[in-house]
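Both complexes below contain chain A, partnered by chain B and then by chain C.
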Partner chain A sequence: MEQAVQFKQSTYLKDLHENVVKTETGVDAVEQARAAAVLNVDAWSFPTPRTEDWRQTSLKPLYQQDFAQAAIDSEILASDLEHIRLEEASEATIVMVNGKFHAGLSTIRSLPDGCYAGSAIGAPASVQTALGKQFSKVARYDKDAFTAFNTAILSDVAVVYVAKEVKVENPIHIINITDARTENVYSTARVFIYGERHSDATIVEDFIGLGDNSYFNTAVSETVLEDEAHITHVKVQRETRKAIHISRVASLLGRGSNYNSYTVSIGAQLFRNEPLSLVDAENAHATLDGLVLVDGNQISDTHSSLDHMKPNCTSHQLHKVIANGSGHSVFNGKIFVRKDSQLIDAFQENRNLLLSENANVFTKPQLEIFADDVKCSHGATIGQLSEDELFYLQTRGISRGDALQMLTYGYALEVIENIPVPSLRKQLSFAVAEFTGAKIEAQDIV
Partner chain B sequence: MSRLTEAEAVETAASRKYKYGFTTKMEYEEFPRGLNEDIIREISRRKNEPEWMLEFRLKSFHHWLTMEEPDWPNVHYQKPNYDDIIYYSSPKEKPKKDSLDEVDPDILETYEKLGIPLHEQKMLQNVAVDAVFDSVSVATTFKKKLAEAGVIFCSISEAIQDHPELVKKYMGSVIPTNDNFFAALNSAVFSDGSFCFVPKGVKCPMELSTYFRINNPDSGQFERTLIIAEEGAEVSYLEGCTAPMFDTNQLHAAVVELVALEDADIKYSTVQNWYPGDENGVGGIFNFVTKRGICKGDRAKISWTQVETGSAVTWKYPSVILKGDNSVGEFYSVALTNDYQQADTGTKMIHLGKNTRSTIISKGISAGKSQNSYRGLVKIGKKAHGSRNYSVCDSMLIGSECGAHTFPFIESSNNTSSIEHEATTSKIGEDQIFYLQQRGLDEEQAISLIINGFCKEVFKELPLEFAVEATKLLSIKLEGSVG
Partner chain C sequence: MLKIIDLHARVEGEKEVILKGINLEINKGEVHAIMGPNGSGKSTLAKVIAGHPAYEVISGQVLFEGEDILEMDPDERARLGLFLAFQYPVEVPGVSNAMLIREAVNAVRKERGQDEFDPLEFEDFIVDKLKLVEMDEKFLDRSVNAGFSGGEKKRNEILQLAAMEPRLSLLDETDSGLDIDALRIVSEGINSLRTSENSFMLVTHYQRILNYIKPDKVHVLIDGRIAKSGGSELALELEDQGYDWLIKDAHVNGEA
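Presenting the complex of A and B:
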């Protein structure tokens, strides 16, 4: 019996893949990557709880359900997206429906010269060159079946290309929407961001779903920063509570570049995120912040890797978790400092707020250091709100319930307030307030 | 005592090589190599063990056969060939000794070289010693004085003969025979070790100590220690280890079980200085040890203190199961690795009872080409209301070819408990060395002083004599690693 289950798990992705109707993109780099991903389709092993990295997270919700391939021509109305549109990005919003670029819903106007936002299909030559150089080469997830699956079945790629010495003032919004209104579906989202030398841009990657059925979404995004590039990448995961969202957020940092990544996870039944930052040049800085809210029976799992491959770099990671209901949160933050990568300053902080009796938190901050002249530290806490702070608020006439909500809200805000897009901050603040039950007014939001 | 005098500095420089690397030529009573049921029956027969003990061993052996050697620790080594190990080795001796005068003078001389105050008249401090030579316990001192207080302190073989009801009740109760590969192996073939029983309300009148030494190049040492503190009892126990230099790897797979009942207090200190292999990583001891204590009753306390400086490969996680309400677990550790040594060590604190508290202070120092890992688990169960854990693990790197790693596993399922963990990794401060050199200390003295400061929190937990030994040991080990 045991063996039968194992068997079903191990070939799950391969079986799904066999029934995929593939849509060729016609983009050389993408098709080459696809061919490479399919090569070892037989070796796509499905992780089991025996795999160290999946010990705390069961993929049962995934392999116990059947999913059909999501239709490319799903009908989405502009009103379906109204609540998440960002006013700053009104001129640069890419909408991907079930993994395919949707020209009608996307609005791309007034980008500076040489910059591009849209589908990889039909992109200008400079973008094709960038794709040729780095597409699927940043997501270095060894033997990872989910990344390979994504590459093998993708039907389109959302691309943001920022030309040399250009600062894109307004954020670029990429909305990935999965339509699960008629049946259980699976789909992929693929994003490729390329910042040329001295470029500067902010990209918000958003995930939402429609309908009451379950859906399985693999998302892979790759960000390349050339020398001195500044890219801020925000990932907002607000899928429906029926979603299984497995994502990879990879970045490759050039000399003197600055990469700021913020991941906010609110939705999904099962969310697994694996940020991977390869700091492969000197003087670069990486920020990998995260906020995770889980309640009900949600599972959220972040396995991040920050790989310092060259000397003189800095990194900062703040990962905050609020676990309520029967929520289950897992965090594994790896920081590697390779041999001869001297003068690294790496800091990691993981804070977990455990609010209910049935919630669980697992955390494993992990430092692996092979160089001596470094400053690396991590801290992890699991705890509750401070009784002193609650008491203080109560002495000021605020009820205990309100005080709890207020403090929880404040706790979550530490990650959100760094996101450089005011309208997104506002949306997320409301989402956090809704989660914590705190009452906030629009004018209270900074 | 933390600063080395000039004379000591000269002395340590002279003894830069492993100081305890002499062998004592003795006649051995050896077994054939390899392991099978017959060997186990023979060990048991020779030790004149009761039937239940043989069954315990055979059960463990059958478990062991089904298990695989773990490969998850962050260490790399050539796996020992378990068919090429001599599982029982004892100095060829007359059966039983009533006083030290009967012990082979060669063995006594060895201990004197090691600096163990085995002769009672030579003893300056109040320490009762049980010395384990290869696999057999050779002498236990101060037996009479302990017996007056009601404390039973003897070798485990004697305990099996004289106090079978206690051994039967507690052996394997903390570390089940099938717990892990090495514990299962130990349970099958353990040769000797120490047994300590402190009855209700008794505070052990002196510190207890065991000294282990591996003398034979091909023998594995599998000792087994069992310490039981009844209600309100208190005991402090020290363990020291050395081995001579051989260019083969020797296996040391020990099991230590501690049981603390209500209000009991057990303090277990280790200074481990097994032979680490030479500067090219040839030879040395494989130290694969399972140590675990259980705070069975309310308000019990177990404290582990370890100074790990030896062994080619160390794999050791002294743990505490905090079952009783308000019980306390502590872990203080200094792990130093040099040359090609590898250490993967840490602790497990399992909180089950209410208001349980644990503290973890771990200091790792890596030099040369060594790899030093901290691996720990803090787990707060669903019913462990109001529990707290505080962990600090600091690593210091000396030289650019070594590595320091931390793998803390932190799990909580209780919303009234809190866990704090922090870890830092840094280099030995050049400014600090410079400052001390300005004050007239040479570089090695300066490093020794800084390292001692780094480890102070742990050393202060050690009994005095051990703290002195540990301090010296660290400075000897780090000789020539900076420059």
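Presenting the complex of A and C:
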């Protein structure tokens, strides 16, 4: 019996893959990547509980369920998305339904010359060239069956392309929506972001679902920053509580570039996120901040890798977790400093706030430093709120219960307040307030 | 207003007693200054009155308007009209100043049977208080004390005091670390809040703030006891002579 389960588990993606009806994109770079990935899905095995990086997180919720391929022509109404629309992005919102670009729901107007936001299918030549150079080459996840699965079955790619020396003032919003209203489904979300030299843009990648059925979403995004490019990349995971979201967020940094990423994990039954930043040029900076909220029996697992491949770079990683109920959070933050990568300044901190006896968190900072002249600080704390802060609020007449809620809210806000999109900050602040029970008014958004 | 009878206290879980029999009475409308050298227990006294959970009261009573408050939580005391301005105001990232002060004011209003302010009513209410401490409205939108300068933090304490309209205010070294301008603003703010109905207890190391706020009584705390009480002239005496003569006296008395 044990063996049967083990067997089923190890071929899970392979079996799923066999029954996929594929929709080719007609984009050369994508199809070439697919051809290689198809072989890899079959060759690369599904992680078992013995796989080192999967020891704290069980994939049972995934392989013990059946999922059907999500339909490409799912009917989604504008009203289904209303609550997450960002007013700043009213002129550049890409909507992907079950992994496929939806022209009717997307609004793409008035981007600066040479910039592009939309599907890879039918994208201009400059975008095709960029795809040819880097598509599927940034997501360097070693023998990762999920990445291969995504590449093998994807039906479309959401692309943001920012031309040389252009600053796109307003954020670009990519909404990935999975329709699980009629049955358990799986789908793939794929994003490709490319910033040319000296470009500057903010991209919000958003994930929601519809319906009460379970769904399995593999999401892969790749961000390329040419020299001196500035990209802010926000990932908001607000899937339904029935979602299994396996995510890879890869970035490749050019000389003097600045990659600021913020990941906010609110939804899903099981969320596994693997940010991978390849800092492969000098004077670059990467931020990989995260906020995780888990309660009920939610599982949120972040395994990040920040690879300092060249000298004179900086990085910042603040990963904050609030765990309530029987919520389960895992953080494994790898920072590599290669042998010749001198003068690296890397900051990493993981702070965990436990609000209930049954919540649990695992944290593992993992620094592998081979250069000798570097400054790397790391810390991990697991705890409750500070008594000094509680006393301060109580002397203001606020009951201990209300003070706890207010401080928990404030604790979460430290990550959110850096997101440079006010309407998103507002949505997320209200989501945090709902999670913590804190009473806030629109005027309170910091 | 406040009556303290033979109060003994120490840090919870530790042996050393910090307050060794404090007796003090502050009447309605009075301003009392509590002075003393470092480690004499003056900040502890303020925190114990406000209900800091790190301290354990061994014996004695603290009566506020005739009611023993020692069993009450800090927030209950605050809602009754007791306010503590912190020596080191706590930073609360993510929580806006407006949110904190509105919740604080509404907690007090609810206790008094008044209607709570909605956000707009609160804005109208707080504008005048901001003027009192010469603070810009933008301070309301910032996280509580986060990134504030020392002077801004102290002004923010007085803003909260002004908004909550307490009956008794405990000011724990509000003057420390202030430059002359900030000291003037803070002092003038406090002076304009003085009425015949409310009282203040100023904990201070230096006489300087008493040039701006004239106390009715000055008490000198030495080693957990009030070693000497007097009028405002006592503060000037301390300014000239320091605390040494009182410390010697206290030791002589202690040995005798």
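Everything that follows uses one rule, which is that the second predicted complex is superposed on the first by the 445 of 446 C-alpha atoms of A that agree within 3 Å, B and C clash if a C-alpha of one lies under 4 Å from a C-alpha of the other, contacts with A are read in each partner's own complex, and residues count from 1 in each chain.
Operating definition for what follows: contacts are C-beta pairs under 8 Å (C-beta built on N, C-alpha and C of every residue); 3 or more make two chains touch, one makes a residue touch a chain.
Every value quoted in this text rests on a predicted model; they were computed, and no experiment measured them.
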Given the touch rule stated above, what does A:363 touch, chain B (first), chain C (second), both, or neither? first
Which of the two partners, first being chain B and second being chain C, lies in contact with A:181: first, second, both, or neither? neither
Which partner chains sit in contact with A:379 here, chain B, chain C, both or neither? Use first/second/both/neither. first
Quick check for you: in the superposed arrangement, does A:241 touch first (chain B), second (chain C), both or neither? neither
Would you pull the chain A residues touching chain C in the complex into a rising list? 387-389, 391-400, 402-403, 406-407, 409-414, 416-417, 439-446
Can you tell me which positions in chain B touch chain A when the two form their complex? 72, 380, 382, 395, 397-427
Touching chain B in the complex: which residues of chain A? 52, 339-340, 342, 352, 354-357, 359-384
Note which residues of chain C are touching chain A in the complex, please. 50-54, 73-75, 77-79, 83-84, 86, 89-90, 92-96, 98-104, 107-108, 111, 119, 123, 141-143, 160, 164
